[in-house]
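As written, the chain order gives the labels A, B, C and D, with residue 1 at the start of each chain.
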Amino acid sequence: MTNIKLSKESVLGLIALAIFVGLSLFTPGFLSSGNINSMMFQLPEFGLIALGMMVVIITGGIDLSITYIAAFSGVGAALMMTNGFGIFPAIIVGIIFALACGAFNGVVVSKIGVPPILVTLGTMVLFEGVILAITNGNAISGFPDAYSLIGNGYYLGIVPFSLVIFFVFTIITGLLLNKSTWGRRVYMYGSNDLATLFSGVKNSKVLMKVYLYASLLAAVSAIIMTSRYNSVKVDLGSSYLLQSVAAAVLGGTNIHGGYGKVMGTIYAVLIFQFIRNGLNLMGVHSSLVDVVIGAILIAVLTLNFFSDKLSRQKAKAAS
Amino acid sequence: VSEESAGSGGDEEADGAEETDNTSEEGNTEEAESDDELEIAVVPKLVGIPYFNASETGAEQAGEDLGVNVEYTGPTEADAAAQVKVIEDLISQDVDAIAVAPNDPASVEPVLKKAKENDIHVMDWDTPADKELVDLSVKQVDDEEFGRHMAEKLVEAMGTEEGEIAILTGGLSAANLNSWIDAAQSELDENYPDIEIVSDKIPTDEKQQVAYQKTLDLLKSYPDLKGVLAVSTPAPLGAAQAVQEKGLQDEVSVVGSALPTDSEPFLEDGSLDTAVLWNPEQLGYLTVALGKMLAEGEMPEDGQEIEGVGEITVEDDGKTVIMAPPQDYTKENASEFDF
Amino acid sequence: MKALLKQKEFSVLAIVIIICVILSFVSPVFLTVGNWMDILEGNTVIGILAIGMTLIIITSDIDVSVAALTTAVAVSIGFMFQYLPDSWFSVVLIFLIAPLIGMLLGAFNGILVSKIQIPAIVVTLGTLNIFSGLVLYFTNGNYINSTQFPQSFMAFSNIEILGIPILIYLFALVAVSTWFILKYTLIGRSVLAIGGNAQSSTRVGINFKKVKMFVFTYMGFLGGVAAIAQTSYTTAVDPNGLMGLELTVIAAVVLGGANIHGGRGSIPGTLLGVLLLAIMQNGMILARIDTFWQNVVTGAIIVIAVSYDEINHRRNQAKLANIDVKEAS
Amino acid sequence: MSDYILEMEHISKTFPGVKALDNVELKVKQGEVHALIGENGAGKSTLIKVLAGVHEADEGGRYLFEGIDADIHRPLDATLKGISIIYQDLSLFPNLSVAENIYIGRDSNKKPWTKINWKSMKELAGKALDELEMDIDLNKRVELLSIAQQQMIEIARALAFDSKLIVMDEPTSSLSSGEVEKLYRVIDKLKERGISVIFISHKLKELFRVSDRFTVLRDGQFVGSYDVEEIDEQQLIKRMVGREVVYENNTQKAAVGEKVFEVKNFSKEGNFKDINLSLYEGEILAVTGLVGSGRTELAQSIFGVNKADEGTLWLNGKDLKINSSEDAVKQGIAYVPEARQTQGLVLEQSIVNNMTLPVIDALRNKLKLIDRKVEKELTEQYIKSLDVRPSMPDLAADKLSGGNQQKVVIGKWLSAQPKLLIIDEPTNGIDIGAKTEIHKLLRRMVKEGIGVIMISSELPEVLSVSDRILVMSRGRIAGELNTLEADQEKVMNLALDTEEPEDKRQPEGAESTVHQEV
């Protein structure tokens, strides 16, 4: 029964690797240093949001407001900088803005008990409205040069600084989920919230931290984005919303909660990155890139279904 | 929320659409054949809307006429981040020139810098990027002139210099729409002080249907409304549809930016008074033509005649090219155009 | 039986009434027949889709591909228009073919959800990408406008009976027949049953997969109907025109009291939810609310409404477990 | 032709890693009540699921119904053949009306567009309820009913079906004694009509009251089938567990020490009122009463999940402030809920994760991260001392049988080293073997200085395990008895509330009808 079996995540990692190798072989320019470099720059902002989404999904929830939290956080930081404050206070304010949004979601979800999909559907519109009211829909731009280093600079001259930040938060997320007591409770809550309540777990505290942590990741992503694009607008990163859900789920996270691994989500993010980049390089119509992404999502889960079925039959035959 | 510059609300004729397909196919085969040809990348705010499809047609045509390889590609949503990725991928492809219609001028700044570092000529078209950064800036019209012109046309259509008007816009965060609206508002403030704008500009999500519903609500809410200024290509059509349905052609004037073929049914019965725009196909064509010049190390001059486009204006800075003055499409002339 | 259900609907109704009262003070035109016709006609598409979504949410699933699916059908209609003769036959044909295409697309979702057992939100996220990507690829985003429509279809879209536009009748027809299906047919009962308790439903012999298949196919069917309504309302096909509408549709359904965890939801409730969003949109301009604050108001009302509903629900739930405590003797 | 309506032979069922049934036989005669008994995890429910078409048996079995090959592959097949199952965990639709719940499934084989006839549906449902002497509004949604009423709806459904064979998997575990009597009468009626019944229960007395024949399973294997006349209780137990078990009454009063825990003036509107109770060192305090007397609510209020309106708690010399279950655990209070599967365990998660959930904060290393090794050792220690089987710490809890699951829940709280343990219906649905183990465990805990309050509806259990008995009735403490002096009659007299409620409205609860406890 315990014969060598690859975990869901490792299989996904192999798929990502296969895609990478395939594209390297068949797409001119894919393996060029310039392209690898630009992929490294593109990865972190989306990866961070996907990780945040994953943590929420593990509790059986979803955060539809996450990209607007990022945008709001970016607006906060931008306003500080354009009003003459330094980078550091600006980042702090950006994070505080995001945490405020996360806290709002957290309170309504955990204290009032409204299903997360409803809460965040409402706060998505609400946060968007607040940003519009603050910015009148205009972009805020013109940040100090030093700020742009966060998203555009290199660490040790080769690795993008943003990638290092992403790497650090990946490790932190992994540690928190797998090794911290909060992480354990997140998984347990995701599987059965009543049982955690009856085990002396303060569910509202666990949930509150989940929404705060997701918004923190959104804020970090926002800082990288605003730095990379040197500007912020109401729709900053809005195209990442459904994609981040897709990445978390492709990465094996159970949409009903209770299961989800950092590595799975990272592999899924890589797959998305490779595919988009590769198809763009091949000059495939961008609409068709969406089609491919949708098809991969469905195909991988269909494969999972059949391989599960197969292994179940095997187990049966074996015993 | 998509926010193309003046995206056509229009209906390409069926054969028009087919044409587009054909050209792009040919473009692809050409690409495969010739590697030594110049490679000009044209990046719209987004692909898959009529306005930018029309520019694509023009751009591909120019590629064919001038013997350059045209790569016309952009994001499927008017999202700044997505657009930056497209440009980054183009840098990886090592094209000779990139012309971008930025969704957010500031956000493409770093990536354009990067392009220049890689010895790629950069220019903007449709919507200006950072002036310092681009080698050339292609403008369809002068924004200030365009906005003021629309306001004048509206006052003209209303036949009075007083009364209430409303302004519809494609999206609140579209920079060029905002600059036209600002220009129009200045024009009204300065020259027509008795005209009152009843509400903040109203967003229509770049959707005709939304513009239609909002206009219906406006007509009810402000029964004395005399005019609607609708900026972004689907908006005038929706506004006109509402006026048409309520039979208010004579009471309410509608002026806005729209393509002539789309506007025709509404221009006919006067529910739309004037559509103001430029020729987006020409804009695409001009962009590629100038891109080629740039890649070959030339710069355009004021008053220069560009084949297939006409005489262009170059502003004092030497790198801002203005294609043509705004064009009015009315009941009388709309049928003469095929875009 | 519906004591609590009625209460759930009641909370939306209460909010709708409050907003109506406020608006009728703020704007004299709000309570006019004309305005209400506009509201209803303008929300026919959302309404029809929300009715289909109600069934899906009752079975504790969700479908985020509805807008893309509807657009795909609308584009197909627009394409067919170029080949259809100008006769009433064409309109009838459209009414046969559009729902059929919708059903096929919906059935595709249904198969993946029921047979392959992929969670619905994932399936429909995937098909959302696939449908809309293909639509954009084939249309390039180009409008198909009324000059290419058969005159008979234009005539159809202008029909008014007793001064009421035809689309409102279509909306009503969809609402009444779906209500009937839920209340009076076996399949409708099965929908409620699997939402109430999936395990029990298989034990009493309800074919779980078939019912899932049904709700998604029916959603597709209504997507087809909505495509006709949309085409006739805008007298054009806009490949981008419905983008993002799925979240509005879902919001309407849950505001109407359907429980995202399944088992609960009703057609009257959903209609109220649609109405709530509709009058909010309509009222923003009538009440002359500053453009930049409109989203804040909308978002706040959604959050307040769902919170209020939850609090109410809990209060009722708490009453359920009561013990008749003996008084001190 | 045999006179068996059901013949199952050589039935085996393998789950990945578990052989739940191994060559089992079950033969039921026309019109008999056939008891299926066995310890937790013996395979009773699994056998029933094979019978019902929920699970397909491994190859090689023989399954005849009414003398012909049953050919049942899904639940609907069984239904159509006239087999009704009342599952252990019920199969109701909380969001549907009583009438719909009773009627549902009758027309599962009809075309989906068939119109529902509400009138005939209600007639039929009404008839079935009449037969059960139940008076419930047919339009009421089932979620508004008490658990006991829900159980009766399930039985009404089987009746309404005109079934030939009705299987009842532990139908009495949540019924009050009055309803149990009613059920017996119904079973008698069914028998008269020639309908066969398979009856599963852990309550032996009850089985002897209703059954004609027994089939005993042990560890997935068939032990034998016996007529009621040829076997007695002790022999039956011996066959179930493979050894002899004596259910002994507590004959020795514990040496009582200091007061350890006190509840003062506890009240919660609509749940309980003016509760005062004390617990002394070294004793097990039983709280008993009829179903719906508010015991669970009281326990959950002490534990902090249902905050009381007023009143104070006192533990080991300190007044407690408890606003949440987290506070309660921190102060040393543990609670084993009655709903093991939904409240007690996170079923999909491993035994380790479940066992260490309340104490996880204490299992961190210097880096504040969970120390996996310590965690595992702790779990293994409790698995061993509680004899959880199989002893695989990483096994998901849902792979365990009921009794073993309960042990995990108890282990979870032992690891938290509480000062007070409240255990609610500790042996509900647990076989005799596991039951005595749990009782011994409770004793052991008291000896180790943990205060134990046991809530139980099973009077034999209360009388044999506890030292002192509090009886609750309609949200109040009706009286206190010393176990040595108590008997079933005395307890029942307190539990039965002679006074009628001033408000004659029938409350949701099942407490209204009152009969003798078994």
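Definition applied: a contact is a pair of C-beta atoms (placed from the backbone, for glycine too) under 8 Å apart; a residue touches a chain by one contact, two chains touch by 3 or more.
Quick caveat, the model's predicted, so the values are computed rather than measured.
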{"item": "Chain at maximum distance from subunit D, centres defined as averaged CA atoms", "value": "B"}
{"item": "Centre-of-Cα separation between subunit D and subunit C, whole angstrom", "value": "43"}
{"item": "Between subunit B and subunit C, centroid-to-centroid distance (C-alpha), Å", "value": "35"}
{"item": "Rounded Å distance between subunit B and subunit D, as computed from the means of their C-alpha atoms", "value": "72"}
{"item": "Multi-chain contact residues (two or more partners), subunit A", "value": "132, 136-137, 285, 287, 289-290"}
{"item": "Subunit B, residues touching no fewer than two other chains", "value": "47-48, 76, 172, 203"}
{"item": "For subunit D, residues contacting two or more additional chains", "value": "none"}
{"item": "Each pair of chains that touches, named by its two labels", "value": "A-B, A-C, A-D, B-C, C-D"}
{"item": "List of subunit B residues in touch with subunit A within their complex", "value": "1, 28, 31, 47-48, 71, 73-77, 79-82, 84-86, 88-89, 91-94, 104-110, 118, 171-175, 178, 203"}
{"item": "Contact footprint of subunit D on subunit A as seen in their complex", "value": "1, 175, 179-181, 184-185, 187-188, 191-192, 194-202, 205, 258, 312, 315-316, 319"}
{"item": "Touch list for subunit C against partner subunit D, complex", "value": "1-4, 183-190, 192-193, 195-197, 199-207, 210, 214, 263-264, 318-329"}
{"item": "For the subunit C and subunit B complex, residues of the former touching the latter", "value": "27, 29, 32, 34-35, 38, 42, 82, 133, 136, 139-148, 230, 233-236, 238-241, 243, 281-282, 285-286, 288, 290-292"}
{"item": "Residues on subunit B engaged by subunit C in the complex (per definition of touch)", "value": "2, 9-12, 14, 17, 20-21, 47-50, 52-53, 76, 172, 199-203, 206-209, 212-214, 216-218, 220-221, 223, 234, 241, 262, 264-265"}
